[in-house]
């Protein structure tokens, strides 16, 4: 096993290359740009396709074309770029072609800043472009996890002919950690049967489109998408648990927020507080069965995010009001310190769980104080 | 009171004109285009600004400019156009300037079709562009309601310096109904104090931006947006109830789906079934307190939508698992007939409420049969 | 009339193979159909059908893929050149074409077409300029003539407010990546024959790897112009030709001696 | 040195009023600063500051609004011309300018700039061409020269794969709505003086309502070119000038006799 | 009580327009009304239909599976809507464009050669008004006076002789006896 | 047990690079490690810092409020981080760029004129390595041999004389006695 | 002497746009008012003698509905 | 005889880019290596006699850091 130090953005680029990526299209944007820059020499060296597009609209539609053409294809971007890709993503979903998008989330809304944040959760997980569809969204928390996930995404995307989004935040894109790179896969030599790769006089023509003028046809497509989604919900749940065996309550956090929470949970354990950490990796599909099952064993959930409580809604929805839920988040590119989470864990442990009002409202009142004091 | 027959798209255009709209920018797309066409003669006749943009990106950013410049401004579009506006909307939210968007939703995802649908709910209500913000989303169900709401949106948008989205579906855009037009308001003569309207040598310069390079500044902005949103959640809840006084269970549906449900509920009442209708008008903020309160009185909620169950999640979230929830939806531009809803109401009345599994899964199994039979 | 003895006859013209024998959704007399036919004829003649991939756009030609008998994808409004780029980069040995209307190509899709041309993307663009947005019911396009009435310029295009029409071919011909850019018209047999030659040249450009090729075709929209098909051809001739000169704006030197 | 007696002195040059007396975030020697100064000087001379509204773009000049002393808004990447259109339509009697980099203006913002020009939108565009994406760390831009090394063309721009640079002014000058489009450079005093005159002309164009005006300014990016500021001016002169000729591409007849 | 009328035919037969006339009539007598078109593909051609619902209370669904009346202007529309009309409902058939009899006995069917009648007036595009008049007469939804007002409203701004021709068509429709 | 080192200074002082050397050293001995930069505005200039955490188990937060050690290359960094280092932690101060003494008594402070030492070697850009060496020596996180390997790893592909100069800087840092 | 030719119009495709009619140099095409196609049009048809098989009608037909035949001549003439 | 002039460099603004230095026609500017500005630069400064007040340095300065003064002459000379 050879572990090497990798910068997050470069690591995911290399992982995609090793997974047999055939064509990459992207547009520079901090804190994602190193991925594009890495691809700009790596892919041409291997004789594969790299192209810097004129914009994110260009990039996503080049990806759309390459996906229809049958290639393993991806793009990487950051929040405003993701917004610009919404139309394209909706088309890709409607056309049922596989692709991979990595969103290295930064502070928003608007131009915001380039600091690590998780404020795209709503846009990516709950929203998306127009119409009825769901992308798979995976949120790794370390560079090794990101590498392993990116390496698998193409297979997943192709299995369901769907979009897979890897949602990182600026922190994971910019940090370095040791990672072991998976082996180099051979690039696929045959084009998928459904692809627009020209008939070669050997088959009926393939038409790939997302227009279904008759609502009944569209509805059949919608139904197919929904049934695929049911399969995905069954097969693609991923999460990781820490100290959960004997935990009395659980912190729930994904990505970098989950890592920060891990530090806090460790410190709390050192103080004898029986707290665990549940870290969703697939945030879409969300591990709602697991969360629901935990309601039997836990006194409460403490959700931690780097946004205004977006996954919080999923935890609330999954836990169906059976146990109290508390929330703590930082926004706009501020990454919480473990100490902040630890303080809340201690408080919950000492004071117990109260449930008046909405956890978001309780948090907002608190956050205002914290911000004023900092 | 003079009621006149109005086509939905033209009615909302005229309502906006009467509300003192100063500048409209748009791009043609069915089933919204009549609004743009109406504006193309109406506004120039009044000496106000009409401009057909080169694209939806152009349109939303012209609106952004006009909003920063201090004008009452709006655009209208339909689903793919809304996707393209996501970046602009996020910027507008981050800059805290008021504007109005009307989305006349069509079947999707992708190019889809132009039939009436509600599949943008996730994108508009749950998602939006990147970063932490929420637009107000109002979903009228008739032309008079649309007129009244559009007439008020500018005041609401300015009160909170926020985005107000009026979410219609193709059906409301295309149908005709009688409506009474509100009186013509005077166009505002002074520019708001915060607007980028040039200093005239009389004040400090105004800078309107959404970039906050220091995460702490961004977070303060996020906090301000969230606190404004709390105010909005307090003040801007709208909904309408039908036959709810003595209802044992409630259908919940918005917009056209709510109307179709009304016909079904009436028919059910005629058969003696004690069912009511709860029709949210503000879908963001969602009337969650009202839904929660109803759980004390109702045996269950029956959610009806023209999508795959997007508001369903809000009902589930609001009702906190206290009573069973059932779902029925048609997708991709198919508008359900009242008979379909009635059939389900009868069944729920006769068979009672079962709660195994997720309502969406139960519905999907059923829908497949229905589609195969049709 | 006397019945014909077909034995002594040769077929001078027949339905091209690259075009399916299908009823189109185009309005009667709409020259979109002529453009389709010419593309199919050229692909037949060059024997390219089996290796061609088409990219349809959003506009009346959105269903182009229903008529052409080869692989096809359908792009979002304006993005066909980007999608075609994705396809072509993956299949550099295949023939890739986009078929786009004026609203699609030079309104919402201005960025994508400009950069495909600038990159010298080795694709062929069939550009149908009918001076309005046909599919959505006849709104003003960037190509709508000064004074022309449309549903969104009901008093006639006022250039002071709505701006001036864009001469797309002239604009794109300023780009180094452009290999072949010409404008032709579909309003009468002579011009249709010239248009076909240009389409042939465009595909030859692609086959030879000489960069971006585009044929702008002046086309009628009888429905939204509120004219009969025949009147529409006259309107085109009288109004569009003076504003949109038929010319070769960029011809790669390597093409200069080709003749068909 | 002897101390100076300022009494007998007149001020030949001082910090312009339209520019705040603030430290910029620009790298040492970056000619973005020169462009800022020239715009401020011209607005001072024309006495326009109180009625000007600026539109900043996304690029190194994103914080332009921190330095200019008048109302400002900040546009999404590439959309400044659309935002400026919104502002100008609401305030037709005010002066509206955008300040955009080459990535912003002619990569992601190609559609918006083209249509603002085509519409003859009565705004002034200050276009900073520094042959790369400065802010994001020196990636290839549409203006990057053939063979030029950037962080996303590490072996030098390969025109076969990445396409050819765009000569923006030449392209936009094909549009009827363009009132004044010229290219100038900021690499030495003589050219800076000429640039200032051009900026003056551009604002005169707007004041007179003669349509869209744009001054393309060749500008240095010492940091990403990995050169000292002085070396950067030489690089510009030797490499950019031959590819981007300094010229007047469109001058409205009504401007021809103006002189400053 | 609520009335639902479907009007169906080829594009160009004035199906949407005649729906508007009916809607105007309902508005005239102070009822709630909804005019709901099937708006086809983003292009021209094909078939067209619209549903007009009027009622004394807030109208729910703008379309119904089983309308209380149907005006069918051509054969495909007859085939589609004959079975759908509710029992005791109205079916108005343009025999000029259909080639079979109405099968159902449990509805009020009015069959008239509306296109021929319109051609007699001098403009076959008036077929739609003739058909509408036949429905109104059979169903008694509104009086002829209200229909005339509604028709005038719908033709506001149109040339006088066009209005006159429409009025004659309305008259002819009312006069028709099967 | 987990070690957290913050390295802070002006942009251009090689703060990020020396963090990588430390990270490589941790990797060398088979530990988990995280190198986390403060990546500034989308442009150049200003201050820079990075946090290197190494540990025997999965690393949680990549940044901490109170690091176990801090290398401060200039005055603002000293002002910012002196108070933050945990009790009994390490604070390495570049006295060439600071103008006051360390106040805290409950931490291990090592103050050295690193820039001067680097200038003595012939390149003040080696200040960072001198500082790092001082930390390693004081804290005994790793042996000098591991540091040398790490430094070579970090300089892979660089010119030989640069590597040699860096090695000398490492040596000088280890040799320094306050 | 002009060549003699003939055309066959595919009634499934013709939409009666009349472009072939106005462009035929010898004016031998007209709409067949007696006949309605499945899509409701009066199709174009050859109504007079004199077709030269010049192919012009096919060149303008937007529906590719016309097949054109022309009398065979000796090989050399065809070059 | 050349006019005599002088310049004042605003040390808060100067970033030591040296553009004024290389462009001064009489080469009278240099960086002041003795001095460091609040932002850490050695600022440009007049180091020799002979400034003509020509203003060239100000024209090239990206930071608008230079104020240029020039000796007054009789009114007529200034036209």
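By written order: A, B, C, D, E, F, G and H. Residues from 1 in each chain.
Note that a contact is a pair of C-beta atoms (placed from the backbone, for glycine too) under 8 Å apart; a residue touches a chain by one contact, two chains touch by 3 or more.
Just so it is clear, the structure is predicted and the values come from calculations on it, not from any experiment.
**Student:** In this assembly, which chains make contact with chain F and also with chain G?
**Tutor:** Touches both chain F and chain G: nothing.
**Student:** Consider the two chain pairs B-D and C-G; indicate the one with the greater count of contacting C-beta pairs.
**Tutor:** Result of the comparison of C-G and B-D: B-D.
**Student:** So the centre of each chain is just the mean of its C-alpha atoms; given that, what is the distance between chain A and chain D in Å?
**Tutor:** Averaging C-alpha atoms per chain gives centres 39 Å apart.
**Student:** Measure off the straight-line distance from the CA centroid of chain B to the CA centroid of chain F, and report it in whole Å.
**Tutor:** 55
**Student:** Taking the mean of the C-alpha atoms as each chain's centre, how many Å separate chain D from chain G?
**Tutor:** A distance of 60 Å separates the two centres.
**Student:** Going through chain E residue by residue, note those that touch at least 2 other chains and give them in order.
**Tutor:** Each of 41-42 in chain E touches at least two other chains.
**Student:** On chain H, where are the residues touching two or more other chains?
**Tutor:** none
**Student:** If you look at chain D, which of its residues touch at least two other chains?
**Tutor:** Chain D, residues with two or more chain partners: 27, 62, 74, 76, 107-108, 110-111, 114-115, 136-137, 142, 162.
**Student:** Where on chain A is chain C touching in the complex?
**Tutor:** Residues in contact with chain C: 22-23, 25, 49, 51, 53-55, 57-59, 61-71, 73, 87-88, 91, 95, 196-201, 205-211.
**Student:** Hey, which residues of chain D end up touching chain H in the complex?
**Tutor:** Residues in contact with chain H: 1-2, 4, 6, 8-16, 19, 21, 23-24, 26-34, 36-37, 40, 188-189, 192-193, 222, 228-230, 233.
**Student:** Which positions of chain D touch chain A when the two form their complex?
**Tutor:** It comes out as residues 58, 62, 74, 76-78, 103, 107-108, 110, 133, 136-137, 139-140, 142, 151-155, 161-162.
**Student:** Could you list, by residue number, the parts of chain H that touch chain D in their complex?
**Tutor:** Those in contact with chain D are residues 5-6, 10, 12-13, 15-19, 22-23, 39, 41, 46-49, 53, 55-56, 58-64, 66-72.
**Student:** Contact residues on chain B for chain A in the complex?
**Tutor:** The contact residues of chain B facing chain A are 79-80, 82-84, 86-87, 90-95, 105, 107-115, 117, 119-120, 122-124, 126-133, 209-223, 225-227, 230, 307-308, 310, 313, 316-317, 320-322, 330-334, 361, 364, 367-368, 371, 374.
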